[in-house]
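Shared between the two complexes below is chain A, which has chain B as its partner in the first and chain C in the second.
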Partner chain A sequence: MNNKIRDVLKSKKSIAIAAVALLVIVPFMMEHNIILRQSKYFYLLLSFICIYTIVTSGLDILFGYTGQVSFGHAGFFCIGAYASVLMSHPEWGFGKWFGITLPPILTIFLAALIAALFGILLSIPANKLVFHFLALLTIAFNYLVLLAVSNFAELTNGYIGITRVPEINIFGFSFSTISSKYKYYYLVLFFTILFLIVKQHIVNSRIGRGFISIRDNLMAANGCGVNIRYYKTMSFAISAFYVGFAGALYAHMIGFISPDTFVQNTSVIFITMLLFGGSGNLLGPILGATIITTIQESLQPLADYRMLIYGIVILIIILFQPKGIVGLGKNISESMKRRGGEGNA
Partner chain B sequence: MEPILKIEHLDFYYDKIQALEKVFFEVYPGEIVTMIGSNGAGKTTLLRSISGLLGKIGGGSITFEGQRIDKLPPHHIAALRLGQVLEGRLVFPQLTVKENLMMGAFLQKDNNFIKGRLEYCYNLFPRLKERESQNAGTLSGGEQQMVAVARALMGTPKLLMLDEPSMGLAPLVIKDIFSTIEKINKDGVTILLVEQNAKSALKIANRAYVMEIGKLVMEGSAEEFIHNDSIKKTYLGIS
Partner chain C sequence: MNMFISVLVGGLVLGCTYGMLSLGFSLIYQASGYMNFTQANLLMFGAFLAWQFYSEWKIPFIASMALAVVIMFFIGWMMERSIIRVLVAKKARNIYVVLSTIALSIIMENAAMLIWDARPHYFPPIFKDSAPVKLGTASVSKESILCIVVAICAMIALHFFLNKTKFGTSMRAAAQNKTAASCMGINVNRTIGITYGIAAALACLGGILVAPTLYVSYGLGSQFGAKSFAGAVIGGYGNIYGAIVGALIIGLLETFVSGYVSSAYKEFVVYGVLILVMIIKPSGIFNAKVYDE
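Now for the complex of A and B:
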């Protein structure tokens, strides 16, 4: 009996299912005042965590699995957000020019595809670069996107930004976000789980092995017949798709977008989340997104010092725990096992 | 008989430094050909320029089974079933042994076929079967070399090029690896073996070449080489 319980606890699948159940049930009980109380702020926080989990997981495919660094993913986040808004907003983009708008539930996917397209474009120069050169290129990409969005005021309303972003609804069921993010949270949670499952399938497939082989040993990967350029491009595209999709979800949740959100600092925060949680696995990006988002929210009063705190966090992680929280957890469990083993002997 | 691999006038430059000069040789189907030479003679450069890993060659031609391959990208060359084991056992340390082997069959899409190859490799190296789900980075040097050889075999190569399989291994392990190479050859794979360990290489080879500073300076049967005085002195350490 005891063993059975331990087996259940040990299997990662059951833990994941329990976590998802908790994430579904607790907000539901809160909304109906069964436990705690309704908290609009809490739903918002959870939604942010989910959105950033999609972002970090997308970045992880590129950085953690393929070994290509990007300090410009806020660019894809921006492209996803603006693309979805411009296709669905009645007063901007499609609505302004052609008088037609597409339903947001469709445009979030189209926006992600457009972001993926930009990912492919970026990969053309990026495929030839490594490490610091690649970092510089991606930073430049971020600035380019930002400049474009800020300066084509005809299209994007420039620095002022676009307000009254339409809400997502599916078959007449509206995920309105104006009074509370409660309903929207469930939509975002659904997509987050979907994207995490897809990520797991990608990295465990033949494609994922191609990515990892590029990260681990370029020469050997090439010798095995991996088309390096093709797989790097694919990694960029998938990563950009994830981040673009998250950007679109963000836009329809907040209801307002302006270039300020997508500055290069945002890209640094994405990288921080990934490094903090631990790259190259499923749990790391989730933990990183959760912890950093929570810290970020609780540091709201210290907004001026936020980048300083990130700087220190990155420094500590790189110096003492390069594998992030996940690596720390692994170290602890291994040392406990060792101690347990000694105890038995 | 048509050679399976034919190299003519091959030149290769690292920027402006010439690493290979007018290299000229052939490998015939079913043979074990070995290329011996000291450090820095250009042996690794030669193998890597054949498999396309170094990019553009300086001049000359490389023909594999009657097809020019010197302008093809490495993944196309690998698809022609020209396999190679890189110097220094470049395994993927974070992947398990089995995943490493699967990487060798990266271009194969038929799952049944891959299963068959896996079985063949596990028969050849029973040790790998035991370590199937272990990360390749945790294996010993000899085991990693087995992974590297098995991975190359997963792609059912017609010609297998091995770059210093004996490097950094204990004498007993070297003996094992070389007898396995012989076995692989008996199963119908042509072998091009690049070695510093001339003694072991000449024992299993049919023909041999000597390489010195980017040039092939001598050619002959392995038998001749073993009894050649200058070879004995320079490469076999017998005077």
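Now for the complex of A and C:
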């Protein structure tokens, strides 16, 4: 009996399915007051976690698998958000110039594609650079995007930002966002799972092996005939696609965007999430996004002390666990295995 | 001409302040191979300490400057000893060391906000007689001149410290080859710790010198961080002379663009030039190793 449970637990697929089922059922039951009570805030928190999971997974493709650091992914987040809004908003962008608007469900994909294009552009200088210079280049990229967005007021309304971003609806079914994030959460969850599955397929494919070879040993990869420039560009593009998509989802969820959201600190938070969770695997980004978002939100009542405690928590955890939360999990499971082995013997 | 001189002096003040930070970036990179994102907030913290001593406790300026610099030196040293050395001993990956400095900088920024509240503080003038100095027909404030002079003195002192003293030689030796240096009886850990201390002290000095021209607030660091890092990179990362040149270029560029073109575009130009440098000559002025091959 015990063994059976262990076998079930061991198969990762079943755990994933159980987790997804939980994420679907619990909010449903809450909405209908079966367990706990309706909580708009809870849905919002879950949606944020999902969006940040997409961002962090995208960053993971670039950093965790290809080994290229980025301190400017808020730039892609910004491009995704603004591109989608400008294409779908009746008063700005397309609506202002041509009088036509595209449905948001289409524009989030187009926005992600635009972000991917910018990723390819950024990769032209970035392909050649090592760690520190890459960090600086991405920081500069982030600032440039931010400056562009805040200075072209006719296009983006500058620092004031754009309000009344249209809601996403598919064939008339509206994912109403202003009253409650309940339905929107399911949409975001769907995309998150989709993106995670796609990520898993990418990193386990030929492309993913190319990425990993670049991360592990550039010389050897080059010697084995991996086209380094091509794979690095690819990695930037995929990563930017993920983050741009998440940015678009964010914009349509909040209904308001302004440059303040996309400052360089946001990029730092993204990379913190990734490193905190552990990079180069499926679970790390999910854990990182979940834990950091939860810490930040639960520290909200502390007001001014919030960021101080947040910094201290991160520092302490890095000091004791310099491999991220996933590393901690591995340590525990290893020590349990050891103990279990002794017990059997 | 008047405008040219005042813009030039403004650019030099900014460039020297960036220079103090870029020096720290380069020193630390040379000594330990890590990026330090705390640097800019050490500047802010140092400026606050000096403000506290000088403006609140009425200690004479020279004494409060010296006190703040010494305190920051020990804070920098302690930072290396209690955090970075621990992480290195645990064989943490580079990026986690960088993350720890990011966390530290979040802590410093918010600690400063809690200790000295969020509004900007006015740094009282250093000289009793606040009449500006005449340079030809242009008038320049004494604080700006003090800033430039002290910065140049600090840079020269650093040059002699690194090249002429025994300790400086051991620092350079530890930076070149840790194993060989420790075989020669150099305490490598201590030299790295002191390098962090010196970097913090330089940042603090930069903060104090720029404080009279700007207000002291907890956001002071974020104004300087990215651009002084850019200065260090443009000069050739890890080269202290390059760091100074790069920082001066950034400072002058920024002030001249905002003086003669428009202050709205100054950041555009700075980051645009930065990206151009990255594309055309990423090894910086004093060739650093950058390429990934």
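Here, the second predicted complex is superposed on the first by the 323 of 345 C-alpha atoms of A that agree within 3 Å, B and C clash if a C-alpha of one lies under 4 Å from a C-alpha of the other, contacts with A are read in each partner's own complex, and residues count from 1 in each chain.
The criterion applied here is as follows: a residue touches a chain if its C-beta (ideal position, glycine included) is under 8 Å from a C-beta of that chain, and two chains touch if they have at least 3 such contacts.
What you are looking at is a predicted structure, and each value in this text was computed from that prediction instead of being measured.
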item	value
Chain B versus chain C as contact partner of A:Leu59, first or second or both or neither	neither
First, second, both or neither for A:Ala220, with chain B first and chain C second	first
Touched partner set for A:Ile257, first chain B, second chain C, both or neither	neither
Partner chain in contact with A:Leu137 - chain B first, chain C second, else both or neither	second
Touched partner set for A:Met87, first chain B, second chain C, both or neither	neither
Which of chain B and chain C A:Arg209 touches, first, second, both or neither	first
Of chain B and chain C, the chain that contacts the larger number of chain A residues	C
Doubly contacted chain A residues - partners chain C and chain B	219, 222
Chain A-touching residues of chain C, taken from the complex the two chains share	29, 35, 83, 86-87, 90-96, 99-100, 102-107, 109-111, 113-114, 226, 229-230, 233, 237, 264-265, 267-268, 271-272, 274-275, 278-279, 282, 289-293
Chain B-touching residues of chain A, taken from the complex the two chains share	206, 209-210, 212-213, 215-217, 219-228, 280
Touching residues on chain B, where the partner in the complex is chain A	51-53, 73-75, 78-79, 84, 86, 90-95, 99, 102-104, 106-107, 151, 155
Residue numbers on chain A that touch chain C, as the complex places them	63, 69, 124-125, 127-133, 135-137, 139-141, 143-144, 147, 151, 218-219, 222, 264, 268, 271-272, 275, 304-305, 307-308, 310-312, 314-315, 318-319, 322-323
